[in-house]
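Labels A, B and C are assigned to the chains in the order they are written; within every chain, residues are numbered from 1.
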């Protein structure tokens, strides 16, 4: 007898085939981030001759310092994926918590929280990230914090409006009648119903964070010692990769960024087709 | 002898469903004459609304339909969609369930009522407005001008119900189908509704196909009653005869459920359409079931005056 | 005297948008009794139901449960009140969470009522048997069962908490006439077995006359 409360609404009986590709792609990227040693032929710091051409030992050649480009690509996946998913998770966690509380309690608390949301909306993300990177100890966590702490307002608003709708539904009144506490109702009755909204939001936040990170790294405004796809492209510019026509340096990371973001956003559409919809009439 | 307006012959509707096909309507045949009022009565899920949608050809394309539906001799299933657009509204009109939801909330009621007249080329907008005002007045609205400027959300369920009737009456269709018109309506408004239903056929000589789960309403409003269960017709006959002297145990049970008979329930529940019992479809709930009811399904001949699908 | 309302009123909106939904309503309910509330749509019956169930606060007047004002109760008394007064709603499927199966919805209530996990399965089958529903619906979602079945399960769920009062807000208005007869009989059976007091709300006078000992018109 299955009594576990469903946070994940039932998957519809649609064909999985169109979505096999993005899921496979994302799994490959996640796998590479988790265990780069298994995929990269060499350690990223191992030096060979610089500017080498494509060959059997160096699939993508080497950069100006003699590091194998394919190994760099594989090791860079970790930071790009980490910053993307961690920022997304942070933004969604804060957004859902605030949206849930705001929509449930309404009144003064709702006004205060939505006011705070408006303030966060005004703060420009990228300039703040730049300034903080300049003043604080560099590293991927600054980026995660900034992107995560400043992106939650979109999530909060959407979740709040959905919670307002669901809150007046009769099954919530039933639950209150039966004597369940407010926290129980919020987490085990309301949350599973709004879950189909959270997943696409999370995925889009992740994609957005990945793009922001790549742009900032490309502009050299993040920690330059951090290895990510964006920094790889940036270095190829700075260290004469473009001038020398070394497409093997900047094209693979660019393709990886594009593919990972595309794969991640495609997943958002799977959950959009979920079947258990609460329609208020 | 009045001319036959609507003729349904051996209609079968099967929905594809999530796994097995669902036989919603099986071998339904009946005829509706001009000016006649017929009620299709049955519990939710017995297929009566599906028949209405089949007649209007509003069923989704993947539905499997066999049999024929003829309106004034025109074969409905052979028409193109363009031809159907001209038939719907003008030759047959439908009053849907849930009046508040059947009206578009962003347009004024006046516009929603004048548009069909203009679109079907019946008259121009000025003439249309005049006709709408007349019909609204005749339906009991004391201020038709206000009604025409109002939005649906400003009106109660009962008012929206009358607006829907107005919409249907304006086009003078020959066949009016009313799908569960009592849904969402208070018990004290039932009298008004019954008057409107009778007025529809008396005023224009239109035929009325009433779909309802309330046998009492059907008997008061319609000339003939057709009782349905799990997609089959179980009994058919003049409404007073069926009410006073039901020929089928199910109809007897429905009569017993009425308020005036003490709300006597029928034991058990309607079977799922994908899991129908063998033999007579009603035998698990029938107090008079015999051994052979488990194996044989009785036939029904619609040409008789008061046929019933029962051997007892 | 188990439930007593004294001149309760309810108004929505502020200043000039005010709507007086309920004006000075009073009621006295004794153990095992059924009181019927009749009136047309929009007269405040549902608001009255929610006030009596403690889901909303009246603007004036008091509601007393076993002599105690419900809005001045301490935690223990309030919890007891919550358990003792249950409500059945008009839309049968709507009173269940659409993303939980019937089994999950009922098990959550059983756990809340203190039934240990090991006994939940037998308890579920027993309560479904009392209301005449086959246990195979346990695996289904609310939109996959009929209105009549859903209302029976809702009644079963209300009974888990062993209430002394049940407030029935138009429980059969959304159901077929034949199903309505079944539900009304079920309610009568339950009342006889458990001595529960009912507040039965409906727009249909015939139904209320069948169910109620006393009728109040709003």
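Keep in mind that, in the parts below, a residue touches a chain if its C-beta (ideal position, glycine included) is under 8 Å from a C-beta of that chain, and two chains touch if they have at least 3 such contacts.
As the structure is a prediction and not an experimental result, all values here were calculated from the model.
Trainee: Would you mind telling me which chain pair, A-C or B-C, is linked by more contacting C-beta pairs?
Mentor: Most contacts of the two pairs: A-C.
Trainee: Please indicate which chain is farthest from chain B, where distance is taken between mean Cα coordinates of the chains.
Mentor: Max centre-to-centre separation from chain B belongs to A.
Trainee: Report the most central chain, judged by the distance from each chain's C-alpha mean to the global C-alpha mean.
Mentor: Taking the mean of C-alpha atoms per chain, the most central one is C.
Trainee: Roughly how far is chain A from chain B, centre to centre by C-alpha average, rounded to an integer in Å?
Mentor: 53
Trainee: Starting from the mean Cα coordinates of chain A and chain C, work out the distance between those two points in Å.
Mentor: About 45 Å, centre to centre.
Trainee: Using mean CA coordinates as chain centres, what's the gap between chain B and chain C in Å?
Mentor: The computed centroid separation for chain B versus chain C comes out at 33 Å.
Trainee: Would you pull the chain C residues touching chain A in the complex into a rising list?
Mentor: 50, 53, 55, 79, 82-83, 85-87, 89, 91, 94-101, 103-104, 107-109, 112, 120-121, 124, 138-139, 141, 154, 157-158, 161
Trainee: Help me check something: in the complex, which residues belonging to chain B touch chain C?
Mentor: So the residues of chain B in touch with chain C come to 43-45, 156-157, 186-188, 213-216, 253-254, 256-260, 262-266, 269-270.
Trainee: Write out the stretch or stretches of chain A touching chain C in their complex.
Mentor: So the residues of chain A in touch with chain C come to 1-6, 9-10, 169-171, 173-180, 188-189, 192-193, 195, 276-278.
Trainee: Contact residues on chain C for chain B in the complex?
Mentor: Interface residues on the chain C side: 40-42, 146-149, 176-182, 184-185, 203-207, 210.
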